[in-house]
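In the two complexes below, chain A is the common chain; its partner is chain B in one and chain C in the other.
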Partner chain A sequence: MHISKRTNISTGKAWLIRAIAILGALIVCAFVIFAIVKMNPIKVYISMFNGAFGTNKRIWVTVRDLMILTCIAIGLAPAFKMRFWNIGAEGQMLMGGIATAFFMINFAGKMPLPILFICMIVTSIVVGAIWGLIPGFFKAQWNTNETLFTLMMNYIAIQFTSYAVSKWENPPGSNSVGIINRSGATKNAGWIGNMFSKGYNVDYAWLVLITLVLAVAVYYYLTYTKQGYEIAVVGDSENTARYAGIRVKNVYMRTMAISGALCALAGFLAVTAVSHTISTDTAGGRGFTAIIVAWLAKMNPFVMILISALITFLNKGAIQIASDFGLNEYVSQIITGIILFFILGSEFFINYEVHFAKSHKE
Partner chain B sequence: MNGFLNFLISFPTLLHSGIIFGTVIMYGALGEIITEKSGNLNLGVPGIMYLGGIAGLASTFFYENIYCVNNGVQPSAFLCIVMALVAAFLASALGALIYSFLTITLRTNQNVTGLTLTIFGSGIGNFFGGSLNKLAGGVGQINTLVTSASFRAYPAKLVNALDKVTEKLHFGLGTLLFSYGFLTFVAIALAIFLWYFFTKTRTGLSLRAVGENTGTADAAGINVTAFKYLATCIGGGISGIGGLYYVMNYIGGTWENQGTIEALGWLAVALVIFATWKPLRSIWGSYLFGVLYWAYFYIPGLTRSSQEIFKMIPYIVTIFVLLMVSMRRKKEDQPPASLGLPYFREER
Partner chain C sequence: MEKALELKNITKHFGSLIANDHIGLTLYKGEILSLLGENGSGKTTLMNMISGIYYPDEGQIFVDGKEVEIKSPKDAFDLHIGMIHQHFKLVDVFTAAENIVLGLEGEKGKLDKKAVHAAVKEIADRYGFEIDPNKKIYDMSVSEKQTVEIVKVLYRGANILILDEPTAVLTPQETNKLFAVMRNMKQDGKAIIIITHKLHEVLDVSDRVVVLRKGKYIGDVETKNASQQSLTDMMVGRAVSLNIDRPHYENQRDTLLVEHLTVRDKEGVKKLDDVTFTARGGEILGIAGIAGSGQRELLESIAGLQHLEEGSKITYINPEGKHIDVNGMDPLDIINNNILLSFVPEDRFGMGLVGGMDITKNVMLRTYRRGASPVLDRKYPLDLSNKIVNDLEVMTPDVNKTPIRKLSGGNVQKVLVGREIECHPTVLMTAYAVRGLDINTSYTIYNLLTEQKMQGVAVIYVGEDLDVLLELCDRLLVLCGGKVSGIVDARKITKEEVGLMMTKVGGGA
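Showing the complex of A and B:
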């Protein structure tokens, strides 16, 4: 057997391989499901589809979750394009969420809504940029391992979130912040849907809009700007970049600040447009899932939407089977894991060709 | 001043809980050290620890509560221990095998594959853990009494005798030194063995060569693929014992869906860095992490919010070590040079 790198593969063939992989994964999942519930897997998949798209509300919830996941993955794209392993999205997102919640709790009703929003956005961006810049700076100066550094930063952010929750808990002793500005004089203050249309909340629409704008912006930034080009060169070869006169250290720091800021924006959105509260569940592991999304999408924001959609669909669907068949909802993680294993593995057959040795007798 | 004295008096108790806690992450870290020495950065440690924990628990649950109850026999402690260990090791090694197959044979990215393994493993663990809970009649109802008791058993006579000696000093020497399940001591022995293996044996040297410079190792005739596979799977198996230790010794043979194992898994990854990839350093490192983790409990006057800040310390200390290592560039403290890098012979 001999393995060689493919020089080029048509897009159609590449997607065919991916489709086969997903199909294979669904078949394996069907076996797993059958082993557990002893039900016709097709029926189970129909039930999954209902879970994700069955009602209007469910569609919106699916769209909401897929947008947040996409948004984090978009934030990771610049760093990954630079081959900088930012595993810290979870933490960067939480820091953005904390900054947002801080203003919603302490300044609602004390400043006009537009100014409140500007404060929320700007502080999240700044905090996230700092959170990303710290590992970026040390990578640039001393080549400190960024994978491990950003991983540790996550847990500092998680503890920081727990700290904030215990400071802001409402009602006291509940160990949760509760829905911020749910009622009273400051009702819905800082909820993004409330920014221009008082009384009628269109939070999710804003979420979709902002995420799509970010997708286009980041795609443009990475593909058509000088800075985006620099990122790609540094990612391909640091030495080439240095010979070409690119200031590699600056690129590292700038890109990580941008990446951290974008991930923090996802945290901002998760608080202002989705949960209207803050807890460690604001990120809830999605910072890690987004890493896989960004990688599988090869840093293309539009493909990220597709992959996020697949993962979110599986997640919602599995939660539905769980409730239909009286299982617990962790089944979604098993299914997601299996499908991701298959998609990851399929990349091999897209990038490489396997030749089986032929006998030379003839 | 009084507060400080109180803290001093309670320190042996703190160290005791630190050691119990530390052993969980010591197993996780020792396994990951073996894995990383072969150049594979496996971020699936939390998932692997889940696999080990649930396999050990499920196998002994069915043995103790179903097989033995149905047949009316007394569960054998020896069988319980062997079964739990074998199941935990095999399940975790199997998880690591998925990772190895994907990263080594199918050449997928290590970080992404590891994270997927974490999602998958925690899914398996919590799904079956939750289902076992249901089977046993409700949350926290699983009980593998015999297994957990045999894992926790310690020489009581010796402990009591030693405790008497130091009674006047307000602490129990026996409790501090010997009141742990046997896995605690196995972990120390394993760390010492690994130190010996890495530094004094030919195979250990070859393994390190694979992690330092894969191409050179390959050229020297070392079977790189076999080393990577074996190191990752055995390492995974050992990490999984950490999950088993958590389930049997730490929470006493039951299951909780709280994500604690995941947090401990990441702490194990942190410990690998803290120990700068040295097994011996992971012994006191893990106990230090344990002490730091529980310190908030013994320091008087901490509010709940300041406790949360306190729990950051292990991670901050780890970052500090990571920075020192990269700034001082001391040769013997560096991570394996090809850590996280893929190796394809054809692409050199």
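Showing the complex of A and C:
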């Protein structure tokens, strides 16, 4: 057997390989399901589908979660394009969430709603930018390892969040912030759906809209602007960038500030549009899941939406089969794992060709 | 004569590209065979199939008359085939002897140093190598490292040796030593294939020449019946002029003054020591020296990529006669001060180009800043790319899809040189501009440089082939260990004199 790198592959063939991978994953999962729990795999798959799309509400929840995940992945894209391994999205998102909650709690009713929203957005962006800038600055000045640095910044952000939660506890003693502005004079203040009008799922509609705008903006920024070009050059070869007169340190800092700010915007959305509260679970590991999303999408924001959709669908499906069939959650995680394994594996066959050398004896 | 190796109908495809198209080739024992061809003609692919790195799609390989299958480097090694690659595969912190036995199973897992040393010495004596088995690789010169590679292959019992461009990194003296060793090996019945682009070496060392062109076998010829001209014509497929024109430019003017330039590396070692010279517009200033004598640091200092020591001074004189201090500027300052400096660096993908990007995006590397808009202008670089591709006959499927890394070395270099010339420089620096390029492309590049010179550009040409340096350049600056060994008129000096200056400051005279 011999493996060689493919020189070129048509888009159609690449998608065929991916489709085969998903089919293969479903078949393997079917065997696993049958072997472990002796159930009809088709029923299990239907149940998974129901979990994600079974009711109107479920569809909205799926859309909601996939948009937040996409938004974080979009935030990671500029940093990853620069080969800067920002694994600090979790912390950057939390910092944005704290900034948002701060204004919702302390300034609701004290300023007009549009001003309140502007404050929430601007502070999240600033705080996120600073949170991203710190590792960017250290990398630029002293070439510190950004992976460790951004990871450690996550824990600081989590501690900040804990502090904020204990400070804003409501009701006292609950060790949680509770739904902010649930009722009373400031009812729904700072909920994004309340900005202009109220109505069914307006929150989520805003979420979708903002995420799509960000996707277009980041795609445009990375593909068509001079700064986006500089990011790509720095990512490919720092020396080439220096040679071309690009000030690499500035690009590191600028790009990390942008990446941090975008991830913080995801935190802003998670608070104002989704949970209306802040806790250490506001990021909930999605900052890490988004890394997979960004990579599988090869930093293309539109593909990120598709990948996020798939991952969210798998999550929702897994939860559903766990409850429908009384399986423990590990079985559903096995299934998700197998499917992801196949999808990641399919990339290998898209990039490489496998030949089986025939022994030619005449 | 007995056949050592025979290839029949060897074919290898890469996607839709045919790298080797039904190639047949015979190598006899006690023969040195030169494999000649332009870049992308399929030489390396063919050798990689003999040494087990690729597996042919079709065809048969015979070793000592028996049909064999070579599926891995280990198979090749078992058949006593050894390849010496262009890039050495040695462990820096090990000694020569340790590298030589690396990966071999000793008796009972023990390393018998004495036996190894004795065997190494025996090989060295038999073929005339100079090798110290106890010397660490990191202490060795390029030529010593190469010796270790060759001894390693011989120690493992190779009877068929393949050398891929072994002389690219050697001085003339070292090359002569290598050739002497190769002749000794030939006397001993070894069969040797050498890949080189330098025709005078082909004529000097080999018995027979096989020429490939675009993946096809063109023919073989006894070296004694061949000449540089006949071989070139075979390689290129048409008659090519092999003379480098050296016209004189009348209105030379000083363009770049370098004074007391001193540069240290990260460890504090002086890489350049008090270098002073003037580059003149309308002249090609050649820089000669053993690899690593400070050539890279010199060019990078001028380009604003090195930290200069106190007392160093670089002055640029613009066409209006204004003196501008360049020391302390970074590349962006240089651009912003309107200093028209172009630089073709040695490391094409590590510095001059972005391998993962297409031609257009590489061409815009120098000019993307133009205009106040934050959005990239795509039309200008696209037009420029098409112009470079047309003018310099760059072979590429397209200018705005294929990553430049996928083009062959010659085409990559044409894009790089083309881009730098299109910046309309007043100083043009090139480092090893023709390294790894075939003869046809090399001459294209020489002509481009001479054209620039005749437009009044100050050309600085760092080269390794002394024949070319002496033919192309007007003046020659010889570096030795970071010091200026001498600045001489290239029209009035011999290769041997320059060779001496390269190894000793002032040439020892």
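We take it that the second predicted complex is superposed on the first by the 339 of 362 C-alpha atoms of A that agree within 3 Å, B and C clash if a C-alpha of one lies under 4 Å from a C-alpha of the other, contacts with A are read in each partner's own complex, and residues count from 1 in each chain.
Just so it is clear, a contact is a pair of C-beta atoms (placed from the backbone, for glycine too) under 8 Å apart; a residue touches a chain by one contact, two chains touch by 3 or more.
Being a predicted model, the structure only gives us computed values, none of them experimental.
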item: First, second, both or neither for A:Gly245, with chain B first and chain C second; value: second
item: Partner chain(s) touched by A:Phe268 [first = chain B, second = chain C, both, neither]; value: neither
item: Contacts of A:Thr225 with chain B and chain C, given as first, second, both or neither; value: second
item: Touched partner set for A:Gly345, first chain B, second chain C, both or neither; value: first
item: Partner chain(s) touched by A:Phe102 [first = chain B, second = chain C, both, neither]; value: neither
item: Which of chain B and chain C A:Arg6 touches, first, second, both or neither; value: second
item: Residues of chain A touched, compared between chain B and chain C (which is higher); value: B
item: Those residues of chain A which chain B touches in one complex and chain C touches in the other; value: 4
item: Chain C to chain A touching residues, read off their complex; value: 14-15, 17, 55, 69, 71, 303, 305, 330-332, 334-335, 343, 345, 347, 349-357, 361, 364-366, 368-369, 374-376, 406
item: For the chain B and chain A complex, residues of the former touching the latter; value: 41, 43, 98, 102, 106-109, 111-113, 115-127, 130-131, 134, 257, 263, 266, 269-270, 273, 303-305, 308-309, 311-312, 315-316, 318-319, 322-323, 326-327, 335, 339-340, 346-347
item: Chain A residues within the chain B interface of the complex; value: 3-5, 85, 87, 138, 142-145, 147-149, 151-156, 159-160, 162-163, 166-167, 285, 288-289, 291-292, 295-296, 327-328, 330-338, 340-341, 344-345, 347-348, 351-352
item: Contacting residues of chain A [partner chain C, same complex]; value: 2, 4, 6-8, 224-229, 232-233, 236-237, 239-240, 242-247, 355, 357, 359
